[in-house]
Amino acid sequence: MNLAKVEEIKNPLTHLDEHGRPRMVNVGDKSASPRTAEAEGWVSLDESLCNLLSEGASSKKGDVLRIAETAGIMGAKRTWEIIPLCHPIRLDSVEVQCDFQPEERRIYIRSRIRSKDVTGVEMEALAAVSTAALTVYDMCKAVSKNMIIEGVRLLRKTGGKSGEYLATPASGGQP
Amino acid sequence: MNLAKVEEIKNPLTHLDEHGRPRMVNVGDKSASPRTAEAEGWVSLDESLCNLLSEGASSKKGDVLRIAETAGIMGAKRTWEIIPLCHPIRLDSVEVQCDFQPEERRIYIRSRIRSKDVTGVEMEALAAVSTAALTVYDMCKAVSKNMIIEGVRLLRKTGGKSGEYLATPASGGQP
Amino acid sequence: MNLAKVEEIKNPLTHLDEHGRPRMVNVGDKSASPRTAEAEGWVSLDESLCNLLSEGASSKKGDVLRIAETAGIMGAKRTWEIIPLCHPIRLDSVEVQCDFQPEERRIYIRSRIRSKDVTGVEMEALAAVSTAALTVYDMCKAVSKNMIIEGVRLLRKTGGKSGEYLATPASGGQP
Amino acid sequence: MNLAKVEEIKNPLTHLDEHGRPRMVNVGDKSASPRTAEAEGWVSLDESLCNLLSEGASSKKGDVLRIAETAGIMGAKRTWEIIPLCHPIRLDSVEVQCDFQPEERRIYIRSRIRSKDVTGVEMEALAAVSTAALTVYDMCKAVSKNMIIEGVRLLRKTGGKSGEYLATPASGGQP
Amino acid sequence: MNLAKVEEIKNPLTHLDEHGRPRMVNVGDKSASPRTAEAEGWVSLDESLCNLLSEGASSKKGDVLRIAETAGIMGAKRTWEIIPLCHPIRLDSVEVQCDFQPEERRIYIRSRIRSKDVTGVEMEALAAVSTAALTVYDMCKAVSKNMIIEGVRLLRKTGGKSGEYLATPASGGQP
Amino acid sequence: MNLAKVEEIKNPLTHLDEHGRPRMVNVGDKSASPRTAEAEGWVSLDESLCNLLSEGASSKKGDVLRIAETAGIMGAKRTWEIIPLCHPIRLDSVEVQCDFQPEERRIYIRSRIRSKDVTGVEMEALAAVSTAALTVYDMCKAVSKNMIIEGVRLLRKTGGKSGEYLATPASGGQP
């Protein structure tokens, strides 16, 4: 067990030093390797909004979703600016998918990030979902403010020393 | 009923024009007035993380919360950069409050924004909560990735032509 | 004739002081008033790209245009960050319109900005067009790099002490 | 012919998936290699502005050009923030050159970017030219608004799987 | 004495609430009024750098100073993004002046900001000086790293309820 | 002696070309290697502020320091955006430490950056100290504006072709 590991056990909140000071943890000893992260979340809609998206304004629904996806991709790239202790990271790909699920009364959002770097991309995946969700809220709030952003979590990650992570249950996207 | 109102009824997704093009809606006819918005949300924690924050690392818990609050305030100020169709807005005050609620197994986040401008600050309140929640996730994820960001919604807004909005039920913060 | 006017005649490059130093000129003596600015520009396409947008990929053409419009709106909001001596400005509305004009072999872009502030929004209108044009280029460059961004200019402005400006001839958009 | 190549032929607008969703395309299979890109463009000036830069204010002309070059360099670095689907990229060098060409009645702008990364720097070269051109416009617009940004295009790129690209005719900079 | 004043006496660190939480203090009760702030600071140079700027490279010295001034102006505009609890503010003018003072062996920097808003512009004036000083450092560090940024302070402010502030002694700029 | 070296001797202000144009110097020939940089600086306090931090408000003092450290870390990451000719750089770790030293009547700030890249991280270390210092100023200025940011300099750097640099005397932090 190496020293870094020992320190991590004694101090599991690694973003704080022994005096509680914030720090961007040292990733200089890690070597770049392929990493992926997937996250999900959704925006719950009330009946009025759900009806509007289902019927009258359905021709525009796609545009709302496309703009939210664009915002999610852009948000993923800026994660390190917004989250204080995140590392700036090279991103190989960012995908964000927003789907209107009328039976679930929600817009479901899923992101997938790929990178070849020394630290993981979990935060980028979560930031993509959060930014897309906020954008959905912004674009629909003139109709109804009874929306709730829910279930924003990491679904899966691969790569890095901590290996694979799989959320349980698998996905809120598959009811 | 004025023309803008008529258009809004025919086209309730006001961020899109009649061809589905995105637009930053015109607020030039509104006059500046005092506005507030409050939002809430929380990060659900698993048992291991909850125990850690309750016991061993409790001296550092406050530091996690303070950094998340700082990030939330900074995130609110950058809402217009991140959300494509938001207006840049003058903010009079931003408050973000993060509390560890061990019985609820969560970190509960609440924001309050005040402004005197021509458009509302709902998005700033929601962005503050989302950014603080992501920061909590980032700082705790070395311990456990089983966190979920939940219940991010507008609690209350005042001011503007649409008047007061109050979420029902009142608040996830008062179980 | 007031002193500021006299100085402007002697030193028409008002963004530089008498020693050639850059400065953000003082707008503190002006009072806020309604202002608008419209700009245009286009991306010339070669035949291969024109054919592709006309036929095979036509179902996606709209998506390219919508994302470019979104980028143009976001770019307008960040003008003051990117252009060194621009003032941060309140924007009341931003509209960006991208149209594929197969007979002109181009994607034509037009922006319109409204504001009620102490300085004009010409730069925001031009930045919106430029950013949308760059985004079109980025999204189409895998097909062909023979694109040229052309004709980016101010079409019209209203408001402010210099009054109305109208470009001659009226618009590249109406061939 | 590999699968990615096949997909690209069927879907040449690679920034959109098969449903028209935006995506930051995956560059994870590419390996870092030296890349360069050069772009050009110019700002057409009317006679009054041309005379002013030639004569009276000539001592300041250099300062206008230097500030535009500085803005162009800074703009290149922020390309990934402004253009929705661009990858964040490591830049090895950025050069932007602005020249007043009185016989052409224009300020001619040329950029050159070098990088060692997995994707090209064409967009950075074009963004550098666009940002410098907008800055020229901003600094001269108090004299005359009859400026047009023209001819913004890629001149040359090297490196990457698509190899060298050379614009025809060679350059607007050599009349 | 109003309540806000009483609270300020009991809690003079107004950026923290009674629990030590950060907050962007409420300026909603203040009315916009003209405000100015001036700041100064300098970069101490060693002999080698001083000689270089005095003699051989003197033709370029002006360019170093102009770029630092440009960076200082841009830095002032982004103060609210960089300093966590600063309010976004409308700036009426920003001036930054960098002078090489060989007898003092330094580059002396002075900024002046004007605004008509509800809160002061001291931080913008200080951020302008700091950013210009860092830029000088960056541009000269290939020659010598023995530079020190010194004396960064507020020289004068006017406007607002706390009235005028004048530093004592008057200015490091007048030896 | 290679050509780059010869050019550097003739033109020691490497951020400017032979015509005085700004440029982001080419680092494409360098190979990535481990680099560190440490910087220091302090905020001098007057007696009133020093007493306040020592006594009455001491419970909040830590919060001021933690927020300044957070801002310093975030500022380091954005160095390349703020300083015109800095390269975007991968940062492996950022540490910022703010200490109240009542006997010195100051808040002392020290930063340490680690990276594995082709260019040094001196500017990041200095930007971290400057941003933390400005944040201290902002949070304390309601008590007293008689603060001065002093002694901001590079303490030590390692790595890169210019090798180690050690400031003399060693550190203002060890009186």
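Which chain is which? They are A, B, C, D, E and F, in the order written, and residues in each are numbered from 1.
The rule we apply is simple: a contact is a pair of C-beta atoms (placed from the backbone, for glycine too) under 8 Å apart; a residue touches a chain by one contact, two chains touch by 3 or more.
Being a predicted model, the structure only gives us computed values, none of them experimental.
Participant: How many steps does it take, at the fewest, to get from chain C to chain F if each step moves to a chain that touches the one before?
Facilitator: Between chain C and chain F, the shortest chain-hopping route counts 2.
Participant: Measuring between mean CA coordinates, which chain is farthest from chain D?
Facilitator: The most remote chain is B.
Participant: Among the chains, which one keeps its Cα centre farthest from the Cα centre of chain A?
Facilitator: So the farthest one, by centre of C-alpha atoms, is E.
Participant: Report which interface contains more C-beta contacts, comparing B-F against C-E.
Facilitator: Taking the two pairs in turn, the one with more contacts turns out to be C-E.
Participant: Taking B-E as the reference interface, which entry in D-F, A-C or B-F shares over half of its contact pairs by residue number?
Facilitator: D-F
Participant: Copies chain A, chain F: same or different interface, half of numbers shared as the threshold?
Facilitator: different
Participant: For chain A and chain B, let me know how many angstrom lie between their CA-based centres, rounded off.
Facilitator: Centre separation, chain A to chain B: 16 Å.
Participant: With centres defined as the mean C-alpha position, give me the chain A-chain D separation in Å.
Facilitator: 32
Participant: Specify, in ascending order, the residues of chain F that touch 2 or more different other chains.
Facilitator: 20-22, 62-63, 66-67, 70-71, 74, 78, 84-85, 88, 90
Participant: Would you mind giving me the full set of chain pairs in touch?
Facilitator: Every pair of chains in contact is listed here: A-B, A-C, A-D, A-F, B-C, B-E, B-F, C-D, C-E, D-E, D-F, E-F.
Participant: Help me check something: in the complex, which residues belonging to chain E touch chain C?
Facilitator: Interface residues on chain E, with respect to chain C: 34, 62, 66, 69-70, 73-74, 77-78, 88, 90-97, 114-116.
Participant: Please name which positions on chain B make contact with chain A in the complex.
Facilitator: Within the complex, chain B contacts chain A at residues 8, 11-16, 20-22, 41, 52, 56-57, 59-60, 62-64, 67, 70-71, 74-75, 78, 82-86, 122-123, 126-127, 130-131, 133-135, 137-143, 145-154, 157, 165, 167.
Participant: Can you name the residues of chain E that touch chain B in the complex?
Facilitator: Within the complex, chain E touches chain B at residues 17, 20-28, 80-81, 84-85, 87-88, 90, 118.
Participant: Give every residue of chain C touching chain A within the complex, in rising order.
Facilitator: Chain C reaches chain A through residues 63, 66-67, 70-71, 74.
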